[in-house]
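There are two complexes below, and they share chain A, which is joined by chain B in the first and by chain C in the second.
Showing the complex of A and B:
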């Protein structure tokens, strides 16, 4: 760049054009739009949310700084503690089952099956249907009086009374987890399927020559090759599940007696309908450390060679 | 508007204002005093956001009245609607950021969450009150803050007991007993006959809050006292929760998960024969295409909630409150809209079209034929006279709104009734949560 500039016949370069020749300046300039977008749409709202958590802001009234009072109260609040417990239970169980089912489904779809593309498209359906719609469908499926599951089972003579899917705390937890799994499996299955298809067949051929069994092929070839994508997919899945809102809100509103309240739903209930913006923001902020831990876990996992290439570090 | 209808209207309203029957002679002086109108600003246009209808007739009639307003005044009005529970956050955000619809018709304590952001509508309210027999007490409490009218009451979605007459008769009762003991006996008898009662105990904003507040108030218990001090830990609350336990034993399984629509569905399918609800159950039965459900309509009866040891009715109403925001660029057009829509010709037609779903806020509108054309709706006419505002006997404000939105009373009743915690623990938890909202 410099040589042709020096060769220019004009008297001297203006300060501006010299500035534009500066690599550092240009780099900064090109990054600026991205940085502005990030600050405007990510950092600022996040910062505002965290700041609100330290105030007693109410909807329609700016709050005053109250330090960690919101958190002090939340720690002693039985509903909040229950919601943290619910969130963990929900995330761990749903994610584990979604992973197992998703991997299984991906392996099946990776086999030679008739109408392959059609079946693959069908599998994505639960993920395509808007959550609120599928949640409403589940709301009917779980209805205390009109549940089709209960109806079928009573018709078959297997049960006498209708199952109280959403009325009994543990039953309700199980039911919302099942609905979440139904919705989340396709995402994992399709992502893992994409990962499976990048594994070179030559690896399997080599394994076959070595006399590996099907199980050994899976354990020593498939799984190690798939680990990077598993790390990414499961991070996303955990984040989605941890912050789930729609399913719970439609199905139970956090009931019965707060047994299915997640941190996200409780945060909304208190902040917006309840008007306690500060406290709601504090609940939302309390989710950040957990989410950060999930991201860091996957980030450092991705750095590791063993995860990336299936070899030792 | 034709000449004759205008004269009739003036006659009627003057008569009502004088406390006489409809059709009393017109006194020119009073008629003149009753005229009030605001001149809309040049180029005014309004955005009105209201709660979403429960019955189609309501929405149609409100929209028709709004069109009429536009024709008369030349002010275009955009009418939007939103589920009433989703409206609260929207209104709060509008108040917070200072931009949005000119008028929002929200619910209950909404105006008391941001009174300083709302336009004083005292002139419209006092004018309407004078002209139409006055506002019921509850609506005056909902509409005013420190003596200033911050919102215009549009009416109330009332609750009443909806029951199957034949089932109650079969259980050995001629109607709904007016006292708590009798009511419990009826519920137990209904359960024994296999036609149980059922009340929502999930986070059902309307129905669960409605009957749970009635329950504790009827026993003389309340979340806070007149000075907004938390007072839920009382022998009265314990008595109320003991009663709830016995009542819950009569319910079918699943009431802990019931949201607002569940009891309607259960009632219409014959799963339950008694619940608390607005007139919507009856309306749904009347309009059903399924002959089996249609037949239920003839068997449906309504009654006001029984009266407990406190000796006075203790029903919680869902008040609809029209708020005009100070940020509106057309305050006069907005006030004229309110005045116009609340006048008898418009309001009466709307009330009729709402089929009794909305109870009148102004005493003169008691005369609306909607209550007498079908005697089964009568219980709803009187509900507005009996209702208490949210947070009673404390004051309305962010604390009362938050306590209700956080389902403090509902959770307490649900916990105690279902036995998931002891009565003492349920009260303790409610007390802690209430203190949080009612501090300072």
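Showing the complex of A and C:
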């Protein structure tokens, strides 16, 4: 098995150089399957989408370059402007509440409770079940005639008439936000819980010895230690909320009177059933600057985390 | 208030009534709200239509449970073929993505070829590209390739979000495998391929399971591509089929819809229940790294 000692220098020399050549060649070879798929179905469409936004492409007809006409039209389009407003409203409100409830749930799950692992496992159920299918359940819960919420509230004597959850603009906005929160809280809670478990108990002991109250421990130990992971988790959450499509499509299809149209649903509406691929692509492209901002935020969150952990790499 | 129990030694300082108010009651409310829709789904799925649409009686309970909605779903709609399509698509795209990701992650983490750092960063960025900005151009590409309205349209496009995710996860996992093991194998004359297959992969099995489970649920849950690229009923996936085919005009067959939602959630729920730890590791690992 062992090479003769005398031959060692030359063998290792050539083997090393071969290895060095191989490293790049092999790397290329190993990257190939994934890279081909990603370039063909991710990078290229990303560019194509931006390009389509500058054309008047329709379904079944390749488009002509029309410059920024799509965007000029969209700026004056009240439905588009409403959808941008809705997207921000939806993202900000849903993310803020998801964060607050998620952090609270994470802290609760970090307590000593009976059946801890079982409770943790079922908490995540809303997140793993297909969004469309759980949205159907919400659709039924929000039904104008048979809503279980309305039924309970009338029996308790709190309201007289059934609530039209998805029929009235602001009510519909609130309802889709509530459904989004329901699905998002478990994800945030479980991710933050993973972060909580990495905080050393000795920090709390030190704080306790210094006479810190529970609130002070939370504010000066838990939150600072958790902040890098909060930055990353919330970036993911904001990103997914901002580009949400499924929930809205199932519950309201953007209605009533476009009150719940997000940019993603409007883009789909215009491009696929409406046939205006160019315009749809322009709406989708208009989301990119916001996504980039979120990604940059995430990137600096990661940097800060690395810095905190003290690893160079 | 909530974190003082991290050190169980100080637990005795907190009185029982106080724990009930600060921990158990909020937790029960959370659990009730998070789980109620599932209960509601299940109870609606077994309710006969007469009870569903009656205004009297207690809607929280079912008097005469029935399987008629399941029967309608399984024998009078294309539901079984949607199930089958979803399964095939999810399994193939998961395995294909895993294979591509293992190679890519190994190359990035261990071969360290020229520019692997930048590629690793690009993979993370690719993970953050949402399907809602890709589906329009992808639809035109799928059309040009002539795979519109076939399973291939989805099998080929799902890896766009599966590969970045699994590669990112596996990179983190490979990083934890000691270099020395590979160096030993190299000295013994193993090729890189042998090292990957015989040394790295067996050690990375938990990571592979995590990535696989998560990728499977992601492709099972996918909606916008399936809605855009598939038009004929027999090629649809469960989420798309349920929402487009079971809703006829203004007449909602609530029982059948709920039965469809319940059955469609079952495979991922069962899979999840067997691999909870792996799933959570996959989910948090992708965020933490």
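Quick note on the criterion: the second predicted complex is superposed on the first by the 262 of 313 C-alpha atoms of A that agree within 3 Å, B and C clash if a C-alpha of one lies under 4 Å from a C-alpha of the other, contacts with A are read in each partner's own complex, and residues count from 1 in each chain.
Keep this in mind: a residue touches a chain if its C-beta (ideal position, glycine included) is under 8 Å from a C-beta of that chain, and two chains touch if they have at least 3 such contacts.
Computed from a predicted model, the values in this text were never measured in an experiment.
Once the two complexes are overlaid on the shared chain, A:269 sits against chain B while remaining clear of chain C.
For chain A, the partner touching the most residues, choosing from chain B and chain C, is C.
Contacts of A:256 after superposition: chain B is touched, whereas chain C is not reached. In the superposition on chain A, A:134 contacts chain C only, with no contact to chain B.
Contacts of A:61 after superposition: chain B is touched, whereas chain C is not reached.
With both structures placed on the common chain, the touch criterion links A:146 to chain B and to chain C. Once chain A of one complex is fitted onto chain A of the other, the partner contacts of A:78 are limited to chain B, with no touch recorded for chain C.
In the superposition on chain A, A:167 makes contact with chain B only, while chain C stays out of contact range. Shared-chain residue A:92: touches no atom of chain B or chain C.
By the document's definition of touching, of the two partners only chain C reaches A:295; chain B does not. Residues 143, 146, 272 of chain A contact both chain B in one complex and chain C in the other. Listing the residues of chain A that touch chain C in their complex gives 1, 22-24, 26-28, 30-35, 37-38, 40-42, 44-46, 48-49, 52, 57, 101, 104-105, 107-113, 117, 119-126, 128-134, 136-138, 140-141, 143, 146, 148, 151, 182, 185-187, 190-191, 194-196, 199, 201, 204-205, 208, 214-215, 217-218, 221-222, 229, 232-233, 236, 239-240, 243-246, 249-250, 264, 267-268, 271-272, 277, 280-281, 284-285, 287-288, 291, 294-295, 298. By the touch criterion stated above, chain C contacts chain A in their complex at residues 1-8, 10-11, 23-24, 26-27, 30-31, 33-35, 37-38, 40-41, 44, 52-53, 59-60, 99-101, 103-104, 106-108, 111-114, 116, 119, 125-126, 128-141, 156-157, 159-160, 163-164, 167, 188-189, 192, 217, 220-221, 223-224, 227-228, 238-240, 242-243, 254, 257-258, 260-262, 264-265, 268-269, 272-273, 276, 279-280, 283-284, 287-288. Remark: chain A residues 58-61, 73, 76-79, 142-146, 161-162, 164-169, 172, 252-258, 269-270, 272-276, 279 touch chain B in the complex.
Chain B meets chain A in the complex at residues 85, 88-89, 92-93, 95-96, 113-114, 117, 201-203, 252-259, 262, 265-266, 269, 271, 398, 401-402, 405-406, 411, 414-415, 418, 420, 429, 432-433, 436-437.
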